[in-house]
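What follows is a single structure, and I will ask about it in a moment.
Note that the chains are named A, B, C and D in the order they appear, and that numbering of residues resets to 1 at the start of each chain.
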């Protein structure tokens, strides 16, 4: 019965995809109210967006430094800011808000380099503010249920993990036809060197560690550019070794025609296995060594992770994203303590190591590298 | 770039299911802002709910008559009210707001009797206000896409429709154990005589007519009470004849174990067929007489009905519900004109006829009755 | 370690579908050897077929009466004959072999009329020979497993059954283009009055009674001809009442585009439900009231009905058909005693009643008729 | 209209799995008749099996050398022999029959070492006899249809292949409990060093090259033994490079609980992609860059590879196996010329290279090795 927290946003102007998703996610459970924003580098766009969203014009900014300063100075200033802008701006903009004492909820990958990520984490640590990378898919109820089940021993010690994440929107060189989302992602100075590794590989990697509860300790990679002339990879295979000995095989591609957002995680343990797919997120397949296959369904009586809706009333992407915002609200209210499921700054850094080491491994003909 | 409309709510206090869904649906697209409510007949509950939702205490009412009068008198009064209370209250509460000149968005079934529905529609007509029954499932993108495809001739003239809607939450007599949702639904004085016909049959019936674009002209029913002693039916089979000659077979049950909210519509035409399932709402199966099965996916290039998210990022129940609120906003803004997809008061009345005629038909050993 | 039984065949000449299926089914488990046949009314076709099959020319007949007489007279004469010819010939040809003391394995429907079926059963009874209608789908391992589970109480008392059987090969009037399979089926003098009820309805009806173990005691039907000018129905809905009170809703169509041979049975009981689909025959979905959905797989440890292959190595139509031939061999070896799963002559007669009563019910606007 | 070919068998005594499958596969299409056998090293078992199968006692042998000699000497001697015995016996027994001028249909892997395979192929070449390894899964209609489609350019140049083959029957050390199938497979002297690579990896590898029509030119492997103390690997990941530049990621495991025989091949090309699963073999998913997903079904009008049964009447494992025997009959009849789809001795040798190079690569920390 407490009042909502106050949220600011950088990015998310007219026509933006991920900023709109952040807003819907934050609004979903009533724990946040969007009260300030610097929605676009184009002042007119930013202003129009503010009007549409009912933001007080005084809190509709054109410069993120001004926004950080002004909000930090207000008694009713924002509790946290959502950073919804291309990768290369994550580090400097996040730093400005952390320095102003404002919690940061930042899109992934956390930064464009490991070095930037380390510096940003240092800032977060010094300021005591949260730095939360939005590994959205870990917000799905059944991905969380899988994590809980594994932690409680439902499948025994993990032996092997198969993570496949396939998309097809970069199956043609659409970046050359002015598609903006594609253009910055395949430009190494804007989206980083990682290409597919940064854009979706980090999601896949985080989810594998999130669901298993295991840290990866080494990797070996094969990284490929399918589309001739594209300066970043669009297809990669990465093998992982986890603490305790489990092996992982991760495959990501953005040129796999017919696969919209096909993220699939199979985890095999000594006593059973689990399989979860993002495109059918309500279900979790549990195979037990005794021979039975159970289909667990979000909201069902056998599932302990709480949900908003009863089973059969599908929840989806916004609801998963909302799970992160709900966790963030809880973490901030409890004094910036982490919740068990909220992605941490360390998770963001791990993602940067995953990207950079994969590229190095592939350049050395698939050498195994410690993480 | 216009400001959101103002929404009031009757019902939706702490612990309520459907009121919360109405709120999330209304919030989703930013077209509505909840500003007033009479959330519970318990004043303390209503007040607590208002605080949690950030409602001005002055606009947190304990009596819906007072609310209708006060809001009608305000310059910034609500544009519409959401009615989220048990069936037997739909008619009187809706009437109060219509009489006050406020548009009504009302849960289904519209009322408890055909007579009540007819009276309420007369009121709406006299006042020129919208009376919108929330046939939620018609808000799904791919249900709407099916309607569009059929209207444009994708499967030719419709020959046959199979609608199956199965739930299992009433598979045991939980109404005797104090389950509130169950208790009023199986009490004829509160939920009406229809039981399963009212609770989910009206959804199935509406969807069949919505997707095909055809009016049903006759029915024949077999209505059953599986749970001994339950005063309303929990299982029913209804055959339909549509204008133009198509036949329908509708089966609904709330005692079908393992089926959470399993609403499935198959429409067979002279040139092809379509199949849509609510529990997998992103997909629409299109079979063409030439022999190919296509799987259409929300957001995909072959799909014309617009969506919020790209394919592979699942939308679900709240998003479907949000589709109705988006339509309602558009209808109100355009002067209470209907949109092609928004359920009408006439649709609400048709649902009441479906319930009552099914019961009569079954009582006459399956006589065919005109609708 | 006994020698195979000797099989004869009437029908199954070059280009025939079902005769070839009978042969493969009989060969599968090594319990039968085809040694005689009257494969076609065209002597040249019959002779060519015999050569191809390695049949002794002396046992390749052009007349079924001659065949029955000659085989009955041989010391090494056939143990049984497979009748694989159009419906209108089932009765006279079966009678000829029964009269000669030879067991009969006959395609369904058993005959073209109830009267013919009753006469044929009388002959079987007098001669003490088996008369086995090939309700093929009851030969699937998991359909049998469902029967076993229900008999042992796995889902409690059955409340409701939904059987849907959809095909699309008659979605156009192909009988007018010389398609032979279609031509005789839609000619009432050759295929009977039943049309879709005879061709696939009898399968659906038998499977509902086979899997539930319940006898149907009444029906109510709506029978439709979708294709203008077709003299038999191609679409039908039939409601059933079973002994004990369970209800059934059966829907069959041969004009449902995109459905090749889509036979689906859902059985809902007081404690759980089962769902089986012929097009995915290896799986049986079991929902329990406790909330879990189990997917049972042929060959798996939780399944008691024996199978030829381990799970994951798909069995299909021929293997199901082979199940009937295996049962038939066992029944003959044990002195013409029925096995629990082998279809009986009484099952064949029940199918004829189903056809005829459905047509009468529909002609009386859906009157309920006792079975 | 020609007579069946004559088949002999080594192995396949009482209780054997794969020998029985060979027999059913050979019997299916009537192109083969089993007339001789050396079914077991136990003379009594061999004799009993012969009786059960109706084999002339004179042609029921206890020694495969005797069998090869005797059959070669008969005017009506066998045309080919099926070798259905553990891996370590493949080479010597096959050689005996090739030397006797008899075609060999041999289970995979072809031998236990590359050297043995090379020697055996030399023998086949010298004698002019066929040496056919039974890569059964390439006999499925829709796997063949995928090959045909790719060859005809349906998905453009292949970019990437994902092959996953998971089983669970070795998820526990059942070889220590006397399970015979497991015992010889995990004994390097009987089943070879390859373990999972030999038992199922060769199937996966062959299918990837068969369906794409591409030769693999290099590999990199990670090979693991999950079950402590098991002397051969039971889990492996292998990356492939194909001629033309396509990449492959192959994952095989026999400890993946819940996966019975889960072989899945995804092939991504410049214009589309294909997905086929052995456990659902009737379907082939075709995604086209234009945006549509088509589900192709065996027997359907859009499918050119011929089938025995119309769509919706499932074919399975025996039918796939029968596809190889049909091809073998055709190849023998046409003078030992290869058919486009029949696995060749060279395919068998390629499988041996796959096994040995994978083990070497893994031992060198994932070095890329030329094939």
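Just so we're on the same page, contacts are C-beta pairs under 8 Å (C-beta built on N, C-alpha and C of every residue); 3 or more make two chains touch, one makes a residue touch a chain.
These numbers were taken from a predicted model, which means no experiment stands behind them.
> Which one of A-D, B-D or A-B makes the same contacts as C-D, at least in over half of the residue pairs?
Answer for the repeat of C-D: A-B.
> Decide which interface, B-C or A-C, involves more C-beta pairs in contact, and give its chain pair.
Result of the comparison of A-C and B-C: B-C.
> Taking the mean of the C-alpha atoms as each chain's centre, how many Å separate chain A from chain C?
Between these chains, centre-to-centre, one finds 55 Å.
> Please tell me the distance, in whole Å, between the geometric centres of chain A and chain B computed from their C-alpha atoms.
That gives a centre separation of 35 Å.
> Using mean CA coordinates as chain centres, what's the chain B-chain C distance in Å?
43
> Give me the residue numbers in chain B that touch at least two other chains, ranges are fine.
In chain B, 259, 293, 297, 300 touch at least two other chains.
> Please name which positions on chain D make contact with chain C in the complex.
Against chain C, the touching part of chain D is residues 1-4, 17, 20-21, 23-24, 27-28, 30, 33, 48, 51-54, 167, 169, 259-262, 278-282, 297, 299-300, 308-319.
> Which residues, counting only chain B, touch chain C once they are in their complex?
155, 159-160, 162, 164, 168, 171-172, 220, 222, 224, 226, 235, 237, 239, 247, 249, 251, 253, 255-259, 266, 268-273, 275, 285, 287-289, 293, 365-368
> Flag every residue of chain C that touches chain A in the complex, lowest number first.
For chain C paired with chain A, touching residues are 290-297, 300-302.
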